[in-house]
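I've put the structures underneath this note.
In what comes next, chain A is part of two complexes: it sits with chain B in the first one and with chain C in the second one.
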Partner chain A sequence: MKDDGQPVLLFEQVSKWYGPVIGLNQVTLELRRGITGLVGANGSGKSTLLRLATGQLKPTLGRVTVRGVDAWEWRAKALVGYCPDNDAFYEDMPGREFVAAMARLCGFEKAEALRRTEAVLERVGMADRADRKIGGYSKGMRQRIKLAQALLNDPQMLVLDEPLSGIDPIGRQEMLELFRGLAAEGKCLLVSSHELEELEKLTDHVAILTRGRIAAVGTVTQIRDMLDDQPLSVRIDVHDPRRLATLLVNRLEVVGVELEPKVLANGTHESLIVRARNPRRFFEDFGKLVVSEELDVARLEPLDDTAHAVLGYLLGGSGKT
Partner chain B sequence: MMLEAPAAQSPLRAWLFLVVFSFRRQARVKQMVGIAIGLLMICLLLVITFTASAGWNRYEWRMNRSKPYTVEHVAGGMAHAAIDQSEYMDRIRQETKPLAVFSKWVVFLLFLGFLMPLFSLSFGTAAMGQEREGRSIVWLLTRPLPRSSIYLAKLLGLLPWSLALTVGGFGILCLAGGEPGQKAFVLYAPGIFAGTLAFSALFHLIGAMFQKPGIVALLYAFFFETMLSELPIPGTLKRLSINYYTRCLLYSSAETEGVPTETSSLFVPVSPTTAWVVLIGTTVAITGIGMWLFGRMEAKEEM
Partner chain C sequence: MSRPAPSPHLLRYRTLNTARRGPWFGSVAIARSSLQLLAGRKMFWTLYIFSLLIFLLYFFGQYLQVFLEQRVSESLVRTGGVFGRTIRPDFFVNMLRDTLRMNGTADTYGDFMWTEGYIVMVLLAFAGSAIVGNDFRFNSLPFYLSKPIGRRHYLVGKALAIAVLVNAMTTIPGLCLYVEYGFIDTWEYYKNSTRLLFGILAYGAALTITLTLLLLVTATWLRRTVPLIMVWTAAFVMSRLVQRWLVDGLGLSPRWRLLDIWNDMYLFGQWCFGTNHLLLRPGNQIQPEYREATAVIVVVCLVCVWYLSRRVRAVEVVQ
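Moving on to the complex of A and B:
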């Protein structure tokens, strides 16, 4: 597949509002060939971003293009294959008939549509099981059929929303190999998941979404390095904040400690706010400190949402540290 | 197996397939169509019972009820001829003819006022409504087809079903009505056809625009279409209803056979030509509006 320097998918300062609620906030994103993972907690704006990329939604501000064509335009849809998270099918149709119908709806002649149907069913490992009605399929089989219909028009870009959910470990491995194969053919894949760990098996290039914004984009290593340079404020509720403050001031990564202004009835402080230079290392050290000094920590709350979410993913969680 | 060189993709071919695909999917519409067919069966049973028992000639029944010749007992036999040739007796003879009775009760009241909107909405609202509620519309909206063309294809896919149920249902009722019923079918079928087209276009629009299209369409059909046009009220508000123009067409056809209608009362009909133009124009206009709106509409919660 040729790469003429034009990005396959381009988000230019895209915002999407649902009435008074913002779904996506000034997102700029440029994707070329290869696999990009899109991670974010529920409600972070992943689905909005994917629906904008597949032309199901129109941006309130900014522009989304696929190979230079406005994603809302029907012509752009000929360049995109979409595997939705939504599990709604025509349940009474056999899988083969469904995929063939989708091929006809892509505008292929009957013979060509049937040829493509067999090719994609073969590719997703459903060729021998596609004559049963979809209503009787397992979650994994349904995922494979969704993927098959997305491949029908040999798209330049594949948008896959949680494509591995419900697939057994062996099936997952097959799917991961299929995605790698598609990327090797020069296609652009945008794969969403709420688990970074899952995506890391597939790609090193990820975009982390939090509260409608792209919090970080790049390789996991680049994001970790970037995060190391970004100071983070953390509020710690602890039984004896003065003692903890003394212990923390000596740490290299701590750049400031402040007792929270709120004073309890007995004249003591309830919590303190710490500014750390390298949050990842800080949290590792802090964990050891709590254990060694037997500190009674009631609550630990990062005050920067973006860094909080990115950190959450990098530490292996799901954006909720 | 690999997908090699790109094959030609034709939007027109895709759209034509969508029309056929939509037609086939319409066969799966069950709930509302089931209700419509159930009601048709009940009405059919009533018509058969009436045809087989009393019949549609109500002259004797009306004479026994109104007894117009009773005055002879007072005025003497000379009054018989005067009564016989009176305007009142002319009206009774007109109104009690089998075709007039069948037209009044079965066609105008039962079918036009009740069954026709229900039949049209059962398929009309389901074409898009079922795709939205089942969230399967995503498969259509992500194909390389203009959104407005998807709307039009769905309408063309539902029309044969809607017409078959409405005109076919009307035909079955007429057949059950015996000779006056058969005359009524020939007389009124074109009007029923035109009304069904307009109703189908309207209910298709409602199906595409509302979350609970069946409820919205039922409320509209019975509170606006049926009540407004059934009640003998003056004013021009009823001219906003599809039922009014369909009724004008049917009344005009009825008058060619000497069937009395409400045209001389408060109904104030428009000419058949105007009614045809309005019904066809409404169908085209509503379809155009629906295509325009659907072409700009985002699918949010249903996907």
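Moving on to the complex of A and C:
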């Protein structure tokens, strides 16, 4: 897929009001190829953002474009695939018929619609089960059918709202593989999910939404680095933790040093927990320190640079979404 | 999913711009899938068979009337054990021509479409939630609206499906009867009855537009089948009883008959057929003016359009 330097999805100072309630507040967002996770608490504006991105809503202010075309236009929608959260289908319709109907809705001739239907059903692993009525499908099968209809138009951008919900662990792995494959083809995937652990397996590039605003966009590490007011906690397993604590405590980046509460049988501490600002500089300095002081470091483990922790800091809570 | 992962090139299709049609094609696709959905229900076929029976009654009734009038010269016809072994053809001719009006006149087509309209009304009451209501009730609209179509195309698609139903049971059979009567009468019939042809098309159009808009409004508003049937019944059956009670019972102005939208459409149809207002049947009921009935239909349609435009905008609200 060509990349002409133009972003696939572009939000320019977008606001969306529902009467007196603001759903999205001056959001600017630029997405290119690859997978981006969209995270945020309930009511943070995720659904509004996804609906604006898929052209289902018009922004009150600002502009949303897909490859330079207004997202509201049908030409832009032709570049987008959307897998919604809800799975309210025509229960009496077989899955294959539903996907074929959606293909016709995309504007494809009958033969082409049938060809694409078979291709996408094969790709999501539903080809052999698609003749059953949707009413008899499990949650996971419904997810696959939803994904199939989103892939029909070979979209440049795929918007997935809770795509892993209800899928068993093996199915999840298959779905994650499928998403990675689509990203490898050069597609732009915007994945909204409350399941941060699964999302982290898929991508480390996230957009965090809170109260209708984009709080941060980037890799989890980049976002974590920017959180100066929330020092990074690092656990260091070292032969002599007390000596290391003495060496670290004078460093500018280090704001706290704590000996691990767990005490070994011989009375010594096993490890040290360091809280440091500006993690990148800290790790550079720490590397030099280890070499110069010939420290015997067994393990180095950042404790709060996961998406969950980052989200917790940004949302000011537990990070639960 | 035990099969090996398919090739990532599986979805490499040809260039998008050459492979697809515009958004209006999507409306046709919506109409088609709605009709498919309906065709899978037994209720639809039961009501359709009823409608077909009415059509066959008129179809063979017209043929019988002409046949008896022109071919049977005897005053009594032996029928075996039926009708007391013998019947008088002129009795049947009079019944078919004067009572049932199966004689290729404005009354034939007006009465036929009026009667078929009742079946259509019942069918639409049941079909409304399946065609439109469920999309709003289960919030399925994102599936449609994320595809390369707009809200307008969605509504047009649904309206198209309803229009196909209405026309398949009123206008098209009406045209068939018109063509049939020309065949069993003389070719001159077509030449002399162009007004009837216009009437069939215009009455059919009025039924189509009004019923389509009313169904879209009630289905998007109520969504579920039972409330939809109740409101639909109130609109078409209760209003008829009320207008009769007000005009025939209390002796109020015939304008109160305008409450009955079904009657208004019938009056509009008769106007298009060119029927003299004084000869409207039943003769003992004074009817409001044709233009008044037409005005009511126009107002109802405009209100429906206004509601739908508001409703379409309201779809934006995330519930």
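Please note the rule applied: the second predicted complex is superposed on the first by the 230 of 321 C-alpha atoms of A that agree within 3 Å, B and C clash if a C-alpha of one lies under 4 Å from a C-alpha of the other, contacts with A are read in each partner's own complex, and residues count from 1 in each chain.
Everything that follows uses one rule, which is that contacts are C-beta pairs under 8 Å (C-beta built on N, C-alpha and C of every residue); 3 or more make two chains touch, one makes a residue touch a chain.
These numbers were taken from a predicted model, which means no experiment stands behind them.
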{"item": "Simultaneous placement of chain C and chain B on chain A, clash or fit", "value": "clash"}
{"item": "Touching partner for A:Arg67 - first (chain B), second (chain C), both, neither", "value": "neither"}
{"item": "Partner chain(s) touched by A:Arg142 [first = chain B, second = chain C, both, neither]", "value": "neither"}
{"item": "Which superposed partner A:Gly125 touches (first chain B, second chain C, both, neither)", "value": "second"}
{"item": "If touched residues of chain A are counted for chain B and for chain C, the larger one", "value": "C"}
{"item": "Touched partner set for A:Lys46, first chain B, second chain C, both or neither", "value": "neither"}
{"item": "Chain B versus chain C as contact partner of A:Arg104, first or second or both or neither", "value": "both"}
{"item": "Which of chain B and chain C A:Asn153 touches, first, second, both or neither", "value": "both"}
{"item": "First, second, both or neither for A:Lys58, with chain B first and chain C second", "value": "both"}
{"item": "Chain B and chain C contact sites that coincide on chain A, given as residue numbers", "value": "18, 51, 54-58, 74-75, 77-78, 80, 82, 84, 86, 88-90, 92, 101-102, 104-109, 112, 116, 119-120, 122-123, 149, 151, 153-154"}
{"item": "Residue ranges of chain A in contact with chain C within the complex", "value": "18, 23, 47-48, 51, 54-58, 72, 74-75, 77-82, 84, 86, 88-90, 92-93, 97, 101-102, 104-109, 112, 116, 119-120, 122-123, 125, 149-151, 153-154, 159, 170-171, 174, 177-178, 181-182, 184-185"}
{"item": "Of all residues in chain C, those that touch chain A in their complex", "value": "1, 3, 5-6, 8, 10-13, 16, 19-23, 25-26, 29-30, 32-33, 36-37, 40-41, 134, 138-150, 316-318"}
{"item": "Chain A contact footprint on chain B (complex, rising order)", "value": "1-3, 6-14, 17-18, 21, 25, 28, 134-136, 138-147, 298-300, 303"}
{"item": "For the chain A and chain B complex, residues of the former touching the latter", "value": "18, 51, 54-58, 74-75, 77-78, 80, 82, 84, 86, 88-90, 92, 101-102, 104-109, 112, 116, 118-120, 122-123, 149, 151-154"}
